[in-house]
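Structure record follows, encoded as structure tokens.
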Amino acid sequence: MTNVVTPDLNRGDRIGIDEAVLCDSKSDADLIYILKDAIEGNHSLLLTRLFETSFDKLPIDIKKNIDYDAVSATGFFGPLKELKESSLVAIVTAGTSDNCVAREASRTLRHAGEPSTSFDDLGVAGLWRILEKEPDLRTYPVVIVAAGMDGALFGVVGGLVPGTIIAVPTSVGYGAARNGETALAVALSNCAPGILTVNIDSGYGAACAALRILRQIRDS
Amino acid sequence: MTNVVTPDLNRGDRIGIDEAVLCDSKSDADLIYILKDAIEGNHSLLLTRLFETSFDKLPIDIKKNIDYDAVSATGFFGPLKELKESSLVAIVTAGTSDNCVAREASRTLRHAGEPSTSFDDLGVAGLWRILEKEPDLRTYPVVIVAAGMDGALFGVVGGLVPGTIIAVPTSVGYGAARNGETALAVALSNCAPGILTVNIDSGYGAACAALRILRQIRDS
Amino acid sequence: MTNVVTPDLNRGDRIGIDEAVLCDSKSDADLIYILKDAIEGNHSLLLTRLFETSFDKLPIDIKKNIDYDAVSATGFFGPLKELKESSLVAIVTAGTSDNCVAREASRTLRHAGEPSTSFDDLGVAGLWRILEKEPDLRTYPVVIVAAGMDGALFGVVGGLVPGTIIAVPTSVGYGAARNGETALAVALSNCAPGILTVNIDSGYGAACAALRILRQIRDS
Amino acid sequence: MTNVVTPDLNRGDRIGIDEAVLCDSKSDADLIYILKDAIEGNHSLLLTRLFETSFDKLPIDIKKNIDYDAVSATGFFGPLKELKESSLVAIVTAGTSDNCVAREASRTLRHAGEPSTSFDDLGVAGLWRILEKEPDLRTYPVVIVAAGMDGALFGVVGGLVPGTIIAVPTSVGYGAARNGETALAVALSNCAPGILTVNIDSGYGAACAALRILRQIRDS
Amino acid sequence: MTNVVTPDLNRGDRIGIDEAVLCDSKSDADLIYILKDAIEGNHSLLLTRLFETSFDKLPIDIKKNIDYDAVSATGFFGPLKELKESSLVAIVTAGTSDNCVAREASRTLRHAGEPSTSFDDLGVAGLWRILEKEPDLRTYPVVIVAAGMDGALFGVVGGLVPGTIIAVPTSVGYGAARNGETALAVALSNCAPGILTVNIDSGYGAACAALRILRQIRDS
Amino acid sequence: MTNVVTPDLNRGDRIGIDEAVLCDSKSDADLIYILKDAIEGNHSLLLTRLFETSFDKLPIDIKKNIDYDAVSATGFFGPLKELKESSLVAIVTAGTSDNCVAREASRTLRHAGEPSTSFDDLGVAGLWRILEKEPDLRTYPVVIVAAGMDGALFGVVGGLVPGTIIAVPTSVGYGAARNGETALAVALSNCAPGILTVNIDSGYGAACAALRILRQIRDS
Amino acid sequence: MTNVVTPDLNRGDRIGIDEAVLCDSKSDADLIYILKDAIEGNHSLLLTRLFETSFDKLPIDIKKNIDYDAVSATGFFGPLKELKESSLVAIVTAGTSDNCVAREASRTLRHAGEPSTSFDDLGVAGLWRILEKEPDLRTYPVVIVAAGMDGALFGVVGGLVPGTIIAVPTSVGYGAARNGETALAVALSNCAPGILTVNIDSGYGAACAALRILRQIRDS
Amino acid sequence: MTNVVTPDLNRGDRIGIDEAVLCDSKSDADLIYILKDAIEGNHSLLLTRLFETSFDKLPIDIKKNIDYDAVSATGFFGPLKELKESSLVAIVTAGTSDNCVAREASRTLRHAGEPSTSFDDLGVAGLWRILEKEPDLRTYPVVIVAAGMDGALFGVVGGLVPGTIIAVPTSVGYGAARNGETALAVALSNCAPGILTVNIDSGYGAACAALRILRQIRDS
């Protein structure tokens, strides 16, 4: 009755994105098994949703191999890729509460060697904030926007800039914000044309999608 | 087994808003009964959600007493109140699809003797449209905003102008717009402080709320 | 990879309501950063949803600058505005369980210099309670009603008094009360005309909306 | 591949309520089969949710055996039970839109030989209406209350009278009324103690429950 | 800014059911205030949803006045009514997991002086269990049925016995049981005629409804 | 811009079930294209959800090749497989309203050469009906149960007979029946162990699952 | 009380996508007004969700200016842009029922001068179909995938090819397919990394997003 | 007021599956009562959803009688049945996070004497994994598939192998995975014909269904 792990080692060659480990749904034993296996195989891994209480429970000899960031609950395991020079991705947040999601995106990009640029706390309740950044934002081919609650920032950015817009609805807010479901529905039913969406709080998903796009841009 | 109607005739004295007749949930027989009763009693009535197929089925001698507007599905029955001079209510729409709801609001206000001013088709996908109207909108004590789909206009207006904002989510859109539920949730979980909400498509509700506020302003 | 805060400092001039800090979705580090920045800038701030466990974790030198109220989970940071004399806002609760939300509203009003008057525990199961208060309630231009479970109080008050009614659905109850969703839907689909609604448990939102209305009344 | 019908003929002896035929989910052929079978067996039947378009499609020789009421979409098939003298059930509606549901209840009771008394159009937006009827309503052992939209009438009646309260949420309203789901949730999460609920629009269900209670009262 | 309590002291006279205190939504301070007030006024009170962690936090001099039952999370405060002799209420459970809800019902009845009889663990997966009890159950004028998960017991009992059936859906189960929502919907859309429903887990509501019915039976 | 069809012709060899055509989501043009293609290729096809209005619109030369059944909205196209002798599948319905779904199952089985046996109208409100059939039902290796509303029949059958139970929730009922969602949730959260479920109204799905099971039984 | 239209004429310059007209939520009068205005201004327009019954009601002199496609419910109004040579977008469907959505995407792309390539009817139930096309699909920088029901195709394509994947969930299916909500949730919670999503049935949205990406690729 | 337990002891004889104890909804006292009763009666029991914190609280003399597995939260109580030789059930997981559910299935089968074979970590994002196992999987008459998030594995397996497919949606994932509801809806609305479904996370339910099928196969 032992279970085995079947890592998808050639994913990077196949689709350009290496396999990452989604930690929070795994038992402690399975997580340790996977990481030990990676140490032995000398793999490089991105760990996501590795929340602090789980990280703290890892054995010290595994922990010391992880470059851990508590805000984004991500870890880099093993050596990192070289960082490219030009940043082609802007990451915009509506408020400081969206930081953790934005950081998951930037860390995922960094793990793949892609730099990104942060534009923080630009919610539309103070519209001058996003208008002030508009000229700068227009220069990025990919713009990731993280926003919760009413998600109004998605459409405002989508109507202002020509880059690819990837909306990340966040679970910020209470009551009718419904743990991000409202921001998600807003991203999907947007008046601004061509807004793309990923799962609630999925900075990782937004970054992976950006990697698919960037590959085409950098290669062409 | 006959049913009777118990009109709330002193509602106007009590709360400042006369009773209106919500037509679409009533049987044809009940609707005719109510209107005949009003003719006999010489009452003045606002009819709402009187959709064209129902209006067409009314007897000709009742129809001729109704000042009917098909766009808003409203009817004025009996003599109208005198229209006040100054317009204190701005009615903003995100798109032409929101016209029917906006018109229900303006007709309800007009029935109560209150003029209103329309600001149409100002959705945030073309943000310059609402910015252009901002100085004018700032002068209104009450601003009704009708928007469907992503409802982003509620928060943008709420962050720009100091008047009382009444959001009317509309059932415009498809898929994740969920018949106005998304715009409703957006209005409720808004980042801009102090946005007030009424039911989906309820131009009537927004207008009644405006009447409560206007009474205080005009009286003070 | 540091995130920055972009406070909307001229919000008060623009819309008459100062920016407040929604604390419960922020990381401890971000919250401390914001408060230290406010101490340095000598800003006055309203803190909302600062629950006791978070408040307790703040450094002592920040805590001592906060006039904290555990019931409403609000804090006043910095000097307070002078309190106006006349109370124009009634705050009605259906039961003692709605106190925390009602208190968030009264504290938000007080931070803006507006007094308010409490009418507690008037749920319709004992209808004589609200009827007894009716004459007094009719004198207020703005009536905030906080109720959970069946939210029947919204419509009863709305049918009795002419002031502006702001319903605050609360998350009180269990089962079909659905964490306030039922009371919210009741507020929105009300038979009494012109009921306005804010988010579940949002005493803050109700108070901000009241401030928009009061400005018009006090100025006119 | 023919299907057969297995009527539950001794249901009346077992639980005191005869089997009724829910018509709207049956194919025309099945409905005709059941009714022909009843003619042959000389059964007496209550037909519910037999909407006009379906009734019109029935063969004339079946139709003429049905005492049909279009408002409630019910039909009496075969001879009727003798009507008892005293009415022990009050049926209260919030508005004229609730008539069809109330009529389904009174027709179901009448089919079982129980008279009922109607109290119509007593919604709480005009609270004086229900208060005026309170002394009369207090004399009924069973009070059926039909209301849609905000369903506030359930709790107000439940707090005023000692009889058994059976709430019938109706699908009246739009938007957040959600086809009766809001009124249903209100009935279930009521502040007034001991409110009982049946399905949305189920005047039939309310009447059947009343029959169970009445049997105990009349027998004791 | 102090809140006050407005107890509905004549509720018993008005509707035959004394006010009870729903404890779990109240702050510790409010709960202690209410209980001290009751000690001073020498009131008798039923406390519901007083979960063990809250009970443990009460001051010792209040605790000693409470006859507490941890299974049902109820407390009797003050002297008890005399218990009537004959039991007219059967309380049926589908499984042992429904005990806590059934006990809330029996304790509420006992507080009002009504005995009840338990029929436990009779879920339909072993149908012989309920069939064995059928003759006995047929003798009760009121049958409360507590069941979670698929709630199949409601309809089976409703089809077998003539008494008034009060279904209490419980939050037992996982996944598609959806915290009792499935059992609730089952109770409402039942094939057996005349099933009545109360809120999820509301043994208290079922008992209060039974009290309304019993009063009519005992009085007639 | 022409679209092509890519039939999965070897599906029968691969998984033992031939491809069927789900008709109701296809445009008239696409449906005709597929059928003409089948005539040319001399394929045998099962058509499902081919509702009468769509069937009537087909060209006469296609229609005449279809053995159409309006109750189940299914069609047999081309020559039929020989029918096996023994019936190993019982199909049970709770009421006559479930006939159309039960017939879709029996027609799908028949298209694959499998006979089935109908047990109709055995809802638990009259429990004697299913108990009467229990000995017979116990002899079938596969029992398909079609039921809507409260779906109580699934668990009762599941607790009585040892065969594989396939529940087909039907969209029969109104209000809280929620178009079959309630019966579906009941099937999934059942107390009787080992109930299997397919989609709402999917007699086709139940039959296909039965075919997978039968193949093992007949082959072993 | 006339409403005005405020077209966002410089949208193309601002974000690279011209304004389109969403027809199905507009009144006939408003639609005709917009189209007449476009004829006068000599604008080129893309019309979406112009269903056949609405198209048929347009005046003949407007109709003749529209290159209409009934399958996708789209119309080209005015002269078309020149079509680019190389096709950079693959459009994959799971079944023929997804054709209308796929066609909305290809028509939107064509209106902007972008060719696309169709890969039809490749649902995973016959997995060989998508595997056969894999080498070809790997050459496209953007892959739009339209699928309803279980939406399994999104993840399979996402795991096989490196291009940007835009999932369009379609409303194909019944019961638990929930009008496309299930396919939408599948796209969002996908195991394959970097899947992007647009609204249910929004071929238009997918195409607009593709245009944002293509601009970067063609420009770089 | 004591509650009793009514075990369904002849369930095994009746339907071939012994009663199991669902532990997580039971109070500690009830659980201990049941287990002591089993010790005295010398029964053999399967315990499910006995999570570690509950297990730890059991008295030591009960614990020592339990063969406990923390991963699956199951316990074997009393002597075990002899294990059959041939494994007829394959248990497939999409990822390591699905292990606990898969283990509940294999342990339930083992308790009934049925061996099973695990196929782990075969999610479709790396499609080669499931394709590699296809020939082996085709030999099993019953295939249980446990998958969360997008549940794409259900349809892929269903389209490849002829055995009976029992889908167990798991609560793995976040946001739009909605605690397993998305995977559940995917299983139900699958394109691959004849997929059967059990409750979210119900490895137990899948195993019980398999036992019903296996009995037919082993007996025939």
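Here are some notes:
The letters A, B, C, D, E, F, G and H name the chains in turn, as written, and every chain counts its residues from 1.
Convention: contacts are C-beta pairs under 8 Å (C-beta built on N, C-alpha and C of every residue); 3 or more make two chains touch, one makes a residue touch a chain.
Computed from a predicted structure; not experimentally measured.
Looking at subunit F and subunit H, the chains that touch each of them are E, G. With every chain reduced to the mean of its CA atoms, the largest distance from subunit C is reached by F.
In summary, the pair subunit B and subunit C forms a contact in which both copies contribute largely the same residue numbers, shared numbers making up over half of all those used.
Comparing the CA-atom centres of all chains against that of subunit G, the greatest distance is found for E. Put simply, the C-alpha centre of subunit C and that of subunit E have 34 angstrom between them. Chain geometry summary: the mean Cα position of subunit C and that of subunit H are 49 Å apart. Distance from the subunit G centre to the subunit H centre is 43 Å, each centre being the mean of its Cα atoms. Averaged C-alpha coordinates give centres for subunit A and subunit D that are 55 Å from one another. Counting partners per residue, subunit G has 11, 125-126, 158-160, 173-177, 184, 188-189, 192-193, 199-200 as the residues that reach two or more other chains. Interface note: chains touch in the pairs A-B, A-C, A-G, A-H, B-C, B-D, B-G, C-D, C-E, D-E, D-F, E-F, E-H, F-G, F-H, G-H. For subunit B in complex with subunit D, the residues that touch the partner chain are 1, 3-8, 11, 19, 22, 24-27, 29-30, 34, 49, 171, 180, 184, 199-202. Interface of subunit D with subunit C (complex): residues 94-95, 123-127, 149-152, 154-156, 158-160, 173-178, 181-182, 184-193. Those residues of subunit H lying in contact with subunit F across their complex are 11, 14-17, 20, 141-142, 158-166, 184, 188-189, 192-200, 204-205, 208-213, 215-218, 220. On subunit C, the positions that touch subunit E within their shared complex are 71, 93, 96-97, 99-100, 102-103, 106-107, 118, 120-122, 125-126, 129, 148, 172-177.
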